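Shared between the two complexes below is chain A, which has chain B as its partner in the first and chain C in the second.
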Partner chain A sequence: MKRTDLISPAVIITALLLAAFPLLANAFWLVQIGAQTFIYGIIALGLILLAGYGGMVSLAQMSVAGLAGYSMAIFGLNSAGLGLGWPLPVVIITAIILATIFGTLIGVLSVRTEGIYTIMITLAVATGFFYFTRQNYAIFNGFTGFAGIKAPVIGGYDLRNPVWFYYLCLIFAAFSYLAITHLVRSTFGVALQGVRDNARRMEALGFHVKAHRITAYAIASVLAAIGGILTVWMNDRIDPSSIGVGPAIDILIIAVIGGLGHPVGAFIGALIFTLVDNFAIDLIDRERFNTVIGAVFLFIVLFSPDGVIGWWRRLFKPGSSSARASSQ
Partner chain B sequence: MSHDTRQMDRHPIGGSSFALELADVGRKFGSLVALEDISFSVRAGERRAVLGANGAGKTTLFNAITGDFPPTSGRIVFFGEDITHLAVHNRIRRGLRRTYQKSLLFGGLSVLDNLYLAVRGVMDGRFSPQRPRPDDIASTRARDLARFVHLGERADMPVGDLSHGQQRQLEIGMAMAGAPRLILLDEPAAGLSPAERTQLVEMLNGLPGHITFVIIEHDLDVALKVSDKVTVMNNGQLFREGTPDEIRNDQDVQAIYLGGGTR
Partner chain C sequence: MKLFLITTLNGLTLAALYFLVASGFSLVFGLMRNVNMAHGSLYLLGAYIGYQFQEATGSWVAAIAGGFLSMALLGLLLQHYLFRFLEGQELRQTLVTIGISIIAADLMLAYWGGTTYQFEIPDALYGALRGIPVIKVYPIYRLFILVAAITVGIALWLFLNRTRIGMMIRAGVDDRDMLSATGVNVHLIFALTFALGAGLAGLAGVVGGSALSIAPGEDLRYLLASLVVVIVGGMGSVAGSAVGAILIGLTEQYGLAYSPTYGVVYTFVIMVAVLAVRPQGIMGRSA
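Moving on to the complex of A and B:
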């Protein structure tokens, strides 16, 4: 409820740099690093809302994103010729709505639980959905999944062009970031943090704690859906391997590396993750990616449990404690 | 028209002459019977003290009434409405309030933010995507409450930095949010200095007459100064009910009470 930091010099400089990035970068940097960072960031942003501000660690964000991605293939067009070929705006809206319903239902299921049980129940959903898509050929085309889900041309901008795709992702990332940064300080957001710190007390103040939690799941699902749609446009395909347990945990790793204490953590974590993902291969062989990201994860969690932004805060604002309320 | 007045219209004062009626309320924790067949009523506008040794079941009684730990048997009627199976937040929205024996505050938030949440909890707009502004209704009421419990000057302090006595005051301020009709006070004077106790007694006696309260209090002096009627509990059961004078002079009460846990 304090002063806004949306218009600080750091934010303006970052925005300018990001907007100018296409002047310097080649297609690899624009898409594989830039766009991928924004997409991971958007999906992880939902997890930061849930976990950092709501105290609910969900491993199902990637499943929700995946359902949105699959919906793009199923209701739109794909190279397997199995798509329904609906008009693009209808497909996009359907994908977002279906994914949001899915994510909200996951919320309904898991808000009865707390802590480790939330992790387990959402992991169960993620695992179940992964195996379901792999075995179901009628809807999800099983193991193969779908390819040929092309990014569209919108208003004359061909989104298959790396520059335009980069800007598209940047716009959604910026919009999501601003929305969540605003939301966490809104009445809803402050109440959500109250629920995180002391759910019983919030209930005794007149708040419907479950409704607050489920609403947070719904909002996180919209973010996951946006990320899922951008992902299929970027990769031009989707199959079960992109929504398995590995990718589900990657989102948690991203959020924790960046830091759960502020929305910006999602994008910092996403950038570090994406860089390691792309360049670990230069250091050691491909199979060792998990070792590298695991080491980075361990290093950050050991030295700064509140992620890179926690470390940053301690470095530049000594004495300022973390944003988390301690009321236990 | 504010939400609070609408709430009053729905449950008009005087619609029932009782603020609270308990019928055979029981609560078990596993095999432990913490409350057994408690039946009693509190009139609207009455101030009732509940006494009893440690472990007598006083806090459990409050938990049953608010739904924090709902009763395992019996019925609870609040201003004529059966609330036995109502969710906690719905009881609160009907005008039931409580304070906790061990302060349950948001330690990382400021005094004002704690009060803001309390005010917002019983108002519309709990899901508002708008930021609270210093001049909106809820914030204004939160500031009024801070002054009411003598924390006006400390409104922006983190709650963790308040003294024990100030935290107890804040608990009461949070219970005063919105339009309380019945407040359950769980040992509000515990750990207070004599001066703070006097201040508390004054504040309780200064509450508007239409507010009913039930106070659990080990300090007989405080309890008897603020109440019209006293209920004594023992071993999860009702033991005595009477005026402060009757209770003060009751031999049996003195035996269990003084033998039990006067602090």
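Moving on to the complex of A and C:
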């Protein structure tokens, strides 16, 4: 992977196409497909950092995103009249900070374990948080959750307008993508990959293994928080069903379908997932979305462990040393 | 006092159910390092198939046998046709089982629908036991679950500690490669263990479904219970599953009785505390 990757023709063409997309797309394609893909991609990007580069598969990304979303409702305004109504910038910063603390604590807990234990513990945390929000009415308003968390008007741009919301999500997606692509090549990113491949060796070399892992969790949490805030703005609401086990596993599905080996996998996976999500109805019986996406997921896991980008690499760049998805 | 005793009994009977589900999960993981995320699906499918058996034969015992045998067979097939080829690739195995559980949940919903099913339990187990000091009455069936779990626990212990195959399984938990090197057909042992673990899940499905009911979403609940129980109790040990199940079962019921809103939280406090002090679980040995 060379530095020139970032300004390759493919990247520039993709960027131009994405920027021009609103010229030819209607509101459905802009929000339900476009913005949704970017949001899923941002959250899954955190998982790719954790799983692909850190060797830690966390199923708690959606819980972190959910906490950020809930914070927007609790500290800001919602239609239940339960919000504290703090000023928007303060609310956003509070949401990101709280979610990051939450995600980092999950990291502190789960780095005590390795490999599959991490999946189990993060799944247990995610499920526990889901049940907690559903039972707790004092803070999370229980089963109903919150509605009426409207996207704001910033600098004259009404973010409820599909075009501006699309651009908002695009900007954050692009920013996140660039940040993570740089990060994984930084000293930290390379050390994290070292920790993934052989933690004991890195320990012996004097690296603080746990600190690296926990930092990765913190960074992934920031991404999840951004995704969570954009999600509540898009859906206008948040309730326990949006942070249940289904959505938690969806993020894993997205990352694995796309491929854990490169940050772009998050967005490819998100696009495939969103398209299947919206058009499975036309392909097969309307209720059987989960069977379709489950079968796609199973197929990819069984036949191309490094996801769609793995296929791409084998088809078009034979011989290139593809960064293996951590499938040990 | 009465509330406390009833809650304790409820906790223990819930623990019994958790033990039935989690012991199979733990055994499979201990031996094969296969985190079977579809374990909850086996529980639910076992319950549904058991229900069909009861519908067809009118016998609850047939439901129990049907739940156990059908899931044991399914476990055997899964191990033989799928997991055998993914050996040693823990993450991939986990992902595959997640994929299976998603599809299974959806197909079960398609076939059996969203309605709740109820088993008809035999008259002998139906009704309440009267004349217990302090508590006065308690459902017989819940006590039966307790007895059943203890029986299964002892049977498992005897099987693992007193038979030749059990010895091989324990040897495999300790060191797979050495077991294989001594000429044991490890694949056969693996398949057998998987069948046993899956069968226990199916059995638990019928037993648990008779106590409560069968409905979509139960798969997830028992997968989570199994996860937490084995994280707390330790992987691959029958005693660990028992300890974990008792801790979690009691905690859940006390939480429900005394502070309903935060019931879930206590379970996680225990999990976090165990992880902080003994990451391998209370009865687990460090890998």
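We take it that the second predicted complex is superposed on the first by the 318 of 328 C-alpha atoms of A that agree within 3 Å, B and C clash if a C-alpha of one lies under 4 Å from a C-alpha of the other, contacts with A are read in each partner's own complex, and residues count from 1 in each chain.
Simple rule for what comes next: a contact is a pair of C-beta atoms (placed from the backbone, for glycine too) under 8 Å apart; a residue touches a chain by one contact, two chains touch by 3 or more.
This one's a predicted model, so the numbers in the text were calculated from it and none came from an experiment.
On the A-aligned overlay, A:L183 touches which partner chain: chain B = first, chain C = second, or both, or neither?
first
Please work out whether A:G115 is in contact with chain B alone, chain C alone, both, or neither, and reply first, second, both or neither.
Touch status of A:G115: second partner only.
On the A-aligned overlay, A:Y131 touches which partner chain: chain B = first, chain C = second, or both, or neither?
Touch partner of A:Y131: chain C, not chain B.
Pick one for A:A295: touches chain B only (first), chain C only (second), both, or neither.
Second partner only, chain C.
Figure out whether A:A20 sits in contact with chain B (first) or chain C (second), or with both, or with neither.
After superposition on chain A, A:A20 lies in contact with neither partner.
After superposing on the shared chain, does chain C or chain B touch more chain A residues?
On the superposition, C touches more of the residues of chain A.
Between chain B (first) and chain C (second), which, if any, makes contact with A:I154: first, second, both or neither?
neither
Which parts of chain A are in contact with chain B and also with chain C?
The answer is residues 326-328 of chain A.
In the complex of these two chains, what residues of chain C are touching chain A?
Against chain A, chain C makes touches at 33, 35, 89-92, 94-96, 98-100, 102-103, 105-107, 109-110, 220, 224, 227-228, 230-231, 260-265, 267-268, 271-272, 275-276, 279.
Quick one: in the complex, what on chain A touches chain C?
Where chain A meets chain C, its residues are 57, 109, 112-113, 115-117, 119-121, 123-125, 127-128, 131-132, 135-138, 245, 249, 252, 256, 287-291, 293-295, 297-298, 301-302, 305, 326-328.
Touching residues of chain A toward chain B in the complex: what are they?
That would be residues 1, 182-183, 185-188, 190-191, 194, 197-198, 200-209, 211-212, 215, 323-328 of chain A.
Going by the contact rule at the top, pick out the chain B residues touching chain A in the complex.
For this pair, the touching residues of chain B are 66, 68, 87-89, 92-93, 98, 104-109, 113, 116-118, 120-122, 125-132, 138, 159-160, 174, 177-178.
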